[in-house]
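Both of the next two complexes hold chain A, though its partner changes from chain B to chain C.
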Partner chain A sequence: MAQTRSGSKLLWDLIAYAVLILLALVCVFPIIWTFLTSIKVEEDIVTRNMIYIPTRFTFDWYVRLWNQSGYPVLVMNSLITTSVTVLICLLTGTIASYSFSRFNFAGRTQLMLGYLVVRMFPAVLMIIPLFMVMRNFGLLDSSVGLAVAYTSFLLPLFVWMLKGFFDAAPKELESAARIDGSTRIGAMFRIVIPIARNGLVATCVFVAIAAWNEYLFALMLTTSQGSRTWPVGLQLMVGEFQLPWGMLAAGGIISIIPVIVLFALVQRVMVAGITAGAVKG
Partner chain B sequence: MATLSINGVRKSFGSLEVLKNIDLELEDGGFLVLLGPSGCGKSTLLSIIAGLEPSSGGDILIGDRNVNDVHPKDRNIAMVFQSYALYPTMPVRRNIGFGLEMRKVPQTERDAAVQKAAELLQIEHLLDRKPAQLSGGQRQRVAMGRAIVRDPDLFLFDEPLSNLDAKLRVEMRTEIKRLHDRLGTSVVYVTHDQVEAMTLGTKVAVMREGVIQQIADPQTIYERPANMFVAGFIGSPTMNFLAGTLEKDGETFVLRHGDGVLPLPGLAQDVGPYAGRKVVAGIRPESISAGNGPSTLSGKVDVVEPTGPDTMVIVSVGGQLITARLGSRDRPKLGETLTLAVNAVEVNLFDPESGNRI
Partner chain C sequence: MSRVNAASPPPRSVWDSLNPVRLIGELSETRYWMYLLLLPSALLITAVVLYPTVYGMQMSFTEMRLNRPAGNGAFVAFKHYQRMLTDPIFWVSLRNTAVWVTSSIALEFLVGLVAALALNRNLPGTKVLAVLILVPYFLPNVVAGHMWALMLDPRLGVINDVLVRIGWLEAYKAWFADPTTAMGAAIVVEVWHSFPFFTLLIMAGLKGIPSDLYKAADIDGAGPFAQLRLITLPMLKTIIAAAVILRVIGLVNSPDLLLILTSGGPGRSTQVLSLYAFQMAYKDFNFGYAGALSVVMFILLMGFAYIYIRLSKVNQD
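Moving on to the complex of A and B:
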């Protein structure tokens, strides 16, 4: 009886692992394929029969991309836009989510719902009004303007996510700090934010990744090389008569490096932040 | 050190009134315990005294100063929370010194004050640890250290011992009493534990549904409860209530209950006007002993509960259950008819309609 049960458990484990490995492969394959393409020579890329493992390795695509296509400018623009987006969210969103978490003011629920509703509409719907607003304010084709546009849909995500982390910080700690001599805002900075630090990092990383990879707004709101971000720049390399697969693959690999580095740096903090409060501490 | 006066304090959350016209006075160096069941408003009252929660009306005076519109940080109070509320990111040393740090006390002075508080509470060896590395009792000591280090006018304790196990709770209770005797600072202490209230308080305020039922010293609360709620809330096992009719028999009063009569010689109350009316006699289990006397009750033994030092015996007297605290050697048999002597001097009579002591 016991043997049968452990036998069927083993079978289920095997099935589960098989499914998980398959899913992992499906996820990882495009990345591996992109990487392999980026180090193949032209003859290995466009072939009659598929060549999986390159016959010759080359970093020529990376060199050409970096030196000839203005890719460093695109990456720099993306970095600026992403940083400004995170900074705006951090400065405004932290205080907003703290007040949502702690104060019971008139219109609080409606405002929180409003933040959610913004995220329910497809981005395409917002693009035209946003375009007009940006044009009127002279913010078209600028990194800051693009960051403001990103904030319009990333700030709600930031506020909702961070509110959960603030909710998890015990209110007595602020009461204790206020009795000990802090003001409300002082208690927030000295006590609550250090406690919610992991959550804050996790939230910032989510926003940063969303801003880094964003394509549609960047396409519509930037027109020149001076503010264009990497996803748009990469897409514009696809010409009517040419499809530089190697260069596109190299661009793709370069663009995911900052995300991987960011994840690697904050991974532990992030997981701790996301799972905070999940179990008794 | 300071006095505390609470005059007509009210608090409502929407249409729900949680505190109704509270009046309290605490003398300089006194120990006031707010006692009551969950949801009676005692913690809300403490939050209002601390300034963490605004009141809906009334005045709060610490010393001679009206603190209605004074920020918590400027009230010169210190509070110990049920959950300890230690700052998890700071080591114990900084936790204790945080109040002084906020008041811009120089580092050397601060260190000396923290050291002194730590010595008083015997936690010097824990100063460099984080709160997560401490046990419940140690956290409680750190929380108290944080309160005493600032030498405040008033200490506020919000059920500080509720999260501790039974043994530690008794130890810390003694510690708090010792600390109060030593520092002499006025204390307001919230609890639902009547033993804490009786052992610690110089004054106990029993609350129910936002109303103070009685304020008095612990002995008075125990011996002369103002109403049946206070009588039933204080004491374990709780006071017995024996309903009957009060009659005059010569010079003394008697309580006629069911088939029996309980003479009440030496009754401490003036119950003349209640002769011939229905009353409820409140009899503490401690006022009952096995054997005969001038006032006796008799009934069938229903349950016998030995607790070690005592034996609790529940007797059915004419259908009404009466608990008696008898000696450890007294072990009556179930169903046996038992005669119990009642110390009538300690009996309280209540008006069954209002529930108030006559």
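Moving on to the complex of A and C:
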């Protein structure tokens, strides 16, 4: 009996390994293939016989994309928009999240639910009026305007995720500081935020990745090179100049490098944060 | 006045009463502090979410065309909603949305569940695999779309090449140009992109199931499939419900991936509601009708969420 059970455990372990290795391959293969395409020469991409492992390499696609297409400007715009988005979330979201985590007050549950429900509003329904409002305020086609628009779906996410990390920070240290005469805000900045530092960083990274990747709002709310972000720019290049595959692949790889680096750096804390928020929510 | 000051231990100088740090410190001791902390974010969300949404709903009852300024803003009551009833594209989009959302989510759930169950065995070396499996979820739609467009390309797509080599295909196929395969191909891309979301949430849920339950089931002689059906899935019910709702909201609301892959074509074979509303606004500049389409989408979504939560609660009792 015991033997068959350990035998079947071994069998299931093997199946688990097989499934995970297969899935990991499926998940990573498109990225590897895109990278390979970005370092192949044109004749090796457009060919009758598929070349799986190239023997000739070139960084020409990267050089051409960087020098000819205005891609640096697009990346710069995305960086600015992403930074401003994270900054707005940090300034307004951190204190809101702290309030939800530490205080019990009338309307707390309803307000928290409200922060969740706003995510149900269709993006298209918001984008059209946002377009008109921003035009009136002169925020259309500006990095700041786009960042403000991003907070519509990223700020609620930021507040909910960060709340999980604040909840996990022990309350005793805070009480001790309060007894020693610290004000509430003093305790918040000197005790709670430093304890939840890793969570705060992970939450910021999550929001930064989402802002960096965003396409639809950027497509509607930016109209010129002055504030256009890289996803919109790349997509426009595909439509306008029949972008060669090598260059498109190079653009994709350049754009996802920051995402993958950031994800790798904070994935452990970030995964914990997403799941903690979800378990409670 | 001076007597009152003398009574409180630290005597206030003029600078002290203006010192912003001190003022905020004192403010933080009042009983409105928690509301003050919420004020900035609540104002911001009101400005960028609630106000535009209400404005958009109101717009759906007016004539609003950017390319035809005459008569803009005129109240037209339910004209746009009536038009929807006889608009064949609306009905096609509605049906496609149902197919797109249900197939994608069913597959994402299945793959996500299998991955989470396998990862939950905590076998040595699987931590790295977990990271690799989660990566697609964090990639931008634009890049995910083009990666797959490259692999499925009718002339130089690697997937075509592999399928021909192993004999599943006679010749290279233009997956996104054929109305019978475009939706299926798009669903494959979407599942690849978003199944890690289910893996993430289900993994978190699995950690919360007490291992005693499985030990007891082992003693009773329940096999792995019986344990999955009788313990794991019922214990995960809440988290699965939450994951499904969040995914449905995401999929119904955002046309991004289909916009990049197919723009709704060929024909109308991948036209979904969010994409139709988006094109109505972005291409035809008919903001009134686009608003009405979005409102209908929102109402359907709310209705779905309500019924779904009711059903999953009823099952729990």
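In the analysis below, the second predicted complex is superposed on the first by the 254 of 281 C-alpha atoms of A that agree within 3 Å, B and C clash if a C-alpha of one lies under 4 Å from a C-alpha of the other, contacts with A are read in each partner's own complex, and residues count from 1 in each chain.
We adopt the following convention: a contact is a pair of C-beta atoms (placed from the backbone, for glycine too) under 8 Å apart; a residue touches a chain by one contact, two chains touch by 3 or more.
As the structure is a prediction and not an experimental result, all values here were calculated from the model.
Participant: Do chain B and chain C fit side by side on chain A in the superposed arrangement, or is it a clash?
Facilitator: After superposition on chain A, which the two structures share, chain B sits beside chain C with no clash.
Participant: Is A:Pro156 contacted by the first partner chain B, the second partner chain C, both or neither?
Facilitator: second
Participant: Which of the two partners, first being chain B and second being chain C, lies in contact with A:Ser6: first, second, both, or neither?
Facilitator: neither
Participant: Mind computing the angle chain B to chain A to chain C from the CA centres, in steps of 10 degrees?
Facilitator: With chain A as the vertex, the angle is 90 degrees.
Participant: One more residue to check, A:Ser255. First (chain B), second (chain C), both or neither?
Facilitator: A:Ser255: touches chain C, not chain B.
Participant: Applying the document's definition of touching, compare chain B and chain C: which contacts more of chain A?
Facilitator: Ranking chain B and chain C by residues of chain A touched puts C first.
Participant: I'd like to know which partner A:Pro170 touches here: chain B for first, chain C for second, both or neither.
Facilitator: The answer is first: A:Pro170 touches chain B but not chain C.
Participant: Between chain B (first) and chain C (second), which does A:Gln110 come into contact with in this model arrangement: first, second, both, or neither?
Facilitator: neither
Participant: Looking at A:Pro194, would you say it contacts chain B, chain C, both, or neither? Reply first, second, both or neither.
Facilitator: A:Pro194 sits against chain B, while chain C stays out of touch.
Participant: Name the contact category of A:Leu125: first (chain B only), second (chain C only), both, or neither.
Facilitator: Second partner only, chain C.
Participant: By the touch definition at the top of the document, which applies to A:Ile179: first (chain B), second (chain C), both, or neither?
Facilitator: first
Participant: Looking at the superposed set of three chains, what is the minimum CA distance between chain B and chain C in Å?
Facilitator: Here the least C-alpha separation of chain B and chain C stands at 7 Å.
Participant: Where on chain A do the contacts with chain B and the contacts with chain C coincide?
Facilitator: Dual-contact residues (chain A): 183, 186, 281.
Participant: What residues of chain C sit close enough to touch chain A in their complex?
Facilitator: 24-29, 33-35, 37-38, 40-42, 44-45, 48-53, 55-57, 59, 111, 114-115, 117-119, 121, 123, 126, 129-136, 138-144, 146-148, 150-151, 153, 155-156, 158, 161, 192, 196, 200-201, 203-205, 208, 218, 224, 239, 242-243, 249, 252-256, 259-260, 274, 277-278, 281-282, 287, 290-291, 293-295, 297-298, 301-302, 305
Participant: Give the list of chain A residues in touch with chain C in this complex.
Facilitator: Per the touch definition, chain A meets chain C at residues 5, 8, 12-13, 15-17, 19-21, 23-24, 26-28, 30-31, 33-34, 37, 45-47, 50, 52, 88, 91-93, 95-96, 98-100, 102-103, 105, 111, 115, 118-130, 132-133, 148-149, 151-152, 155-156, 159, 183-186, 188, 209, 212-216, 219-220, 231, 234-235, 238, 245, 248-249, 252, 255-256, 259-260, 263-264, 267, 271, 274-276, 278-279, 281.
Participant: Across the complex, what residues on chain B touch chain A?
Facilitator: 47, 50, 52, 71-73, 75, 77-79, 81-83, 85, 87-89, 98-99, 102-103, 132, 146, 150
Participant: Which residues of chain A touch chain B in their complex?
Facilitator: Touching chain B: residues 170, 172-173, 175-183, 186, 191, 194-195, 281 of chain A.
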